[in-house]
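Shared chain: chain A. Partners: chain B in the first complex, chain C in the second.
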Partner chain A sequence: MFKKFMKKPIGFKLASLWLFAVVFVSVTYDLFPYVQWDAISDFSQGDGPFKVPGHILGTSYDGMDMFTATMHGARMSTFVAVTSVFIGGGIGSLLGISAAYYRGTYDKVMSSIFNMILAIPNLVMSLALISVLANGNSNQPASDFRRVLVLTISLTIVIIPILGRIARASTLQWSSREFVLASKSIGTKNFEIIKRHIVPNVAPAILAIGFFAIGVVMIAEGSLSILGIGIPGGASWGSLLAIGRANLEYSPHEVYIPVACIGLTVISTNYFGDYIRANLDKRESKI
Partner chain B sequence: METFKYILQRVVIALIVVSGATFLLSLLIQLLPGDPAVMAVPNAMPERVELMRKDMGLDRGVLGFFWKWYTDMWQGNFGNQYSNNDTISVTVLLKRALPTTLLIILYVQIVGLLVSVPLGLISAYREGSRFDRYLQTTLFALSSIPSFALALILVLFMAVRFDWFPVLGYVSPTENFGEHLKGMVLPVLSLSVGITASYTRLLRTDVIATLKDDYIMMANSKGISKSRVLWRHVLRASSTTLLTSAALNMGGLVGGTIITEILFNLPGLGYQIAFAIASRQVISLMSFIAVTAAFYVFFNTMVDVIANIVDPRTKERRV
Partner chain C sequence: MSNVLEVTGLSITFATPRGNLRAVNDATITLEQGESIGVVGESGSGKTVLSRAIMGLLPGTATRTGSIKYMGNEISELPEKELRELWGTGMAMIFQDPMTTLNPVRRIGTQLTESLTVRLKLSKKEAHEQAIELLRRVRIADPEGMMRKFPYQLSGGMRQRIMIAIAVSCKPELLFADEPTTALDVTVQAQVLELLSELRKEFNMAMILVTHDLGVVAGHTDKIAVMYAGDVVEMAPTRELFNNMKMPYTEALLKSIPRLDTPTGTRLPVIEGRLPDPTKNEPGCPFADRCPYVADKCRAEKPPLKDTGNGHLYRCWFPIGGEK
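Up next, the complex of A and B:
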């Protein structure tokens, strides 16, 4: 496996290393004896990276250690992105595959609902959803847990039609192939056909778009934080960015560290999406 | 006749999609715990709340609320936005906000096409060269970077550090065109980098395919100069995907400029949407989103219709 990995192009290696690091940090964050991520340093405020001993990536204008905060932010950002793409992708593929397989009125209704949701730009959609679901009036703001939950749910709803439409289009392509017809003619049950013939063939396309979707969600999370309705208090990359924006002039590293993290993650997931899609086209052309 | 029927069909579908999207949204708003009228103006007198509820159509039930807004909208009345001591018509806000957003989109498209066409042509013409490979890698990275990341970096370097371009301030083009352009440089740049990158990649793929066609070899062997072959023969034949994607982007950008407008304080549609959400103005929010969705669907439909007229085979392609 290692040999196989070493033969991959350099982009593949870099992208997988970065994603591995991000996932590793988010999973094992609790096991390491970091200082508490939002602890305020007394002697260093707003120092840049590599300037003060003990703070590799410097400190924020308030004195938060940027290294720990970034590590901690990785967890929340990946959690939100992976969860919403996983659940949204699951529901979307289920709806899309069944719509394309059974056709008829169900398919028409499903695809027009997808189109309706897609007609609203995804940022506007999640904005609207959050403002409806996380209804904390100014007297009693919604709790942090609820805000994270609501954010994840709204991003999930944004993802459903994106992946649903891909799953539908891809299933349409496969369900008219001869082997599906053959399987039908020997009396295989519909569920069995979907499980054994449709899903394995549709999965790579969904996986490719799923990687792109992780990027979409990461960007949406950052954007929502900038608009002030994302995850509060610097607990995610987008949230760190939103705080740092106010101190752009005095401690710019507060902005460009989370920006770099978001950017690198999106580039990596897009790379994987592209990679899978390219291999998919190769496989298609062989048939 | 066939074409006419097709256009009619597409327009009907487009109308259904936009109406459906706003209807879903209005259901969502009804789910809101709390009274939209009270939330719009938290410390209003009971009499004013009563008036506002009537004005919004909240007294008519779930469907009546949507129906009132919907029928009003077709008569050009997009409802009102309420504040402590004022009621502003959303139509006025739209008239003020739309030109800004449309100008941004126009500039972004101009920059995107102006840069991506030559880049795409050259890099496809020299396919596999060092220039091409470096360009592809760079473009891939650039097309993945979120626009807000670029915007923040640009603000940091161009405005805060060196003070080359003003941030925070929109000058309308009729007022002072030079200042207007100067203020637009950073927002347009931050939006257009990603778009330019993806346009270039699209054009490159198509040009590579066209260059392998026989008639290009024919043109070359007739002794027409290389640049003439590229610009006249190749570009025209391979620009379909690029133009389609550009037209689709027109619609997508209407919603996509929100963050840029917020970061650069530009009083466009995105800014209004964010304001409507922050101050819980449900009616104006619905109207703004309807306009955004209408733009998106309009350009989608237009692309489909034009593609159908140009090449009738495409009818079934976009399922």
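Up next, the complex of A and C:
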């Protein structure tokens, strides 16, 4: 396995190392004896990276340790992105595949719903959903948990039609193939045909787009945070960015670090998606 | 012997933007247990549509009239759900192009055991053993190794054998072979046909062999139906048809097979002209424009299907050799 990995292109190696690191940090964050991520340092405020001992990536203008905050941000950003892509992709693929396989009125209704959702700009829709569903009154804002939940749901809704349409287009192409008819002609039920013949062929396309979508969602989450309706208090990369933006002239590393993290992750997922599509399609192209 | 299949007055029409396209007109075919019939005709004569219509695999744009009886039961009106019970175990089909009828991303083994586990509800182990046995039957040299291969690793002939193995896996009573050798090399064609004949005898299957090549059906079928522009224009036991053909179209088809005993440089006789437009319903014999023996009556009136009495049916006003 290691030998195989070493033979892969350098881009693949870097992308998978970075993604592995992000996932690893997200999963194991609780196991490490970090200081509380939003704890305020007594002696360092707004120092750059490698300047103060104990704060390897420096501190924020308020005195938050950037390293710990970035780690914690990784967890929140990955959680939101992966959850919404996973759930949205699952629902979207299910709807897209079934629509394309059964056709008819069901397909028309599904396609129109997809198109309707796609016609609304992502950010506008998330903004609307959050402001309606996660609003508090002036004295008591909505709880953090509720805001994260609504944010994830709204991003899920954005993902459903994107992956749904990919799944539908891909299924249309595969379900008209002769082997589907051949399988039908020996009496295989529709559900079995979808499971055995459609899904394995459609999966590479969905998987590839799914990886792209993780990047898209991460950027969307960052944009929403900058608009002030994302995850509050610097809990995610986008949120750190939103806080850092105010202090750009005093502690620019507060912006650079989360931006670099988001950027690297998006590039890595894009590369990964490309790689998966190029490599899983091999069998078909060999024919 | 009982009749496996009785098709009476089957007509199939497709709704197209240019009007109704009549693909099959009033076809009548009966098939006894273990009997094989060859359906011959040029491209677009309706032979594939006929076989798919009998099986019930046509898309929703097709309308069909007439009766299809399988084992004495009317099946033409059955919903797909009930037809599915028949597919595989009662009727199965081998398709034309083995390059597209196997799923490219799944191993031969999983595709071959699919019908066994899904239809016959065998356990994985039993299905595996059965699949190996089937692969032996279709003369695959290394069945165990074959189970693990992907379709792209196989040649066309190998794939068609796999397709045959899949089609006969549930031991159907009636096997449709829709141009099973068209996409194969000539050398492989003979082997595949031989294999089909052998399996047919072994399982006592009735078979409908659809092809455009009279030479293919000659040695492998009990009777032959010749189709032209959606009509069954001649039907007879194989020997009778070749000895005593009545239809000028059948004669023309036979003449257009290249022969070895003609001198080098002889031009291959072809049937001039094209099939009539299937969306137009013109009076007269559809073959009239291309027939060398055409007379006025042929253009005015469509000939009915006549029966010579010994199972030989034809649709012509002026049959070769005169009327009996």
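Observations on the model:
Convention: the second predicted complex is superposed on the first by the 281 of 287 C-alpha atoms of A that agree within 3 Å, B and C clash if a C-alpha of one lies under 4 Å from a C-alpha of the other, contacts with A are read in each partner's own complex, and residues count from 1 in each chain.
One rule holds for everything that comes next: a residue touches a chain if its C-beta (ideal position, glycine included) is under 8 Å from a C-beta of that chain, and two chains touch if they have at least 3 such contacts.
As the structure is a prediction and not an experimental result, all values here were calculated from the model.
Superposition of the two structures on chain A shows chain C fitting alongside chain B with no clash.
Look at A:V255: by the touch rule set out above, it reaches chain B but stays clear of chain C. Judged by the touch definition given at the top, the superposed model places A:N247 against neither chain B nor chain C. Within the superposed three-chain model, A:S16 lies out of touch with both chain B and chain C [touch as defined at top].
Judged by the number of chain A residues each one touches, B leads among chain B and chain C. Of the two partner chains placed by superposition, only chain B is touched by A:D274; chain C is not. In the superposed pair of complexes, A:T188 makes contact with chain C only, with no contact to chain B. In the superposed model, A:I117 lies in contact with chain B only, and not with chain C.
When the two complexes are overlaid on their common chain A, residue A:G263 makes contact with chain B while staying clear of chain C. Between the C-alpha centres of chain B and chain C, as viewed from that of chain A after superposition on chain A, lies an angle of 90 degrees, to the nearest 10.
Aligning both complexes on chain A leaves chain B and chain C separated at their closest CA atoms by 13 Å. Across the superposed pair, chain B and chain C touch chain A at no common residue. Those residues of chain A lying in contact with chain C across their complex are 177-179, 181-189, 192, 196-197, 200-201, 283-284, 286-287.
Within the complex, the chain B residues that touch chain A are 16-18, 20-21, 24-25, 28-29, 31-34, 39, 42, 137, 140-141, 143-146, 148-149, 152-153, 155-156, 160, 252, 254-256, 258-259, 262-263, 273-274, 277-278, 280, 285, 289, 292-293, 296-297, 319.
Contacts from chain A toward chain B in the complex involve residues 11, 112-113, 115-117, 119-124, 127-129, 131-132, 135, 137-138, 168-169, 172, 215, 218-219, 222-223, 226-229, 241, 245, 248-249, 252, 255-256, 259, 262-263, 266-267, 270-271, 274. Contact residues on chain C toward chain A in their complex (touch as defined above): 55, 57, 84-89, 91-93, 95, 97, 99-106, 110, 114-115, 118-119, 150-152, 163, 166-167, 169-170.
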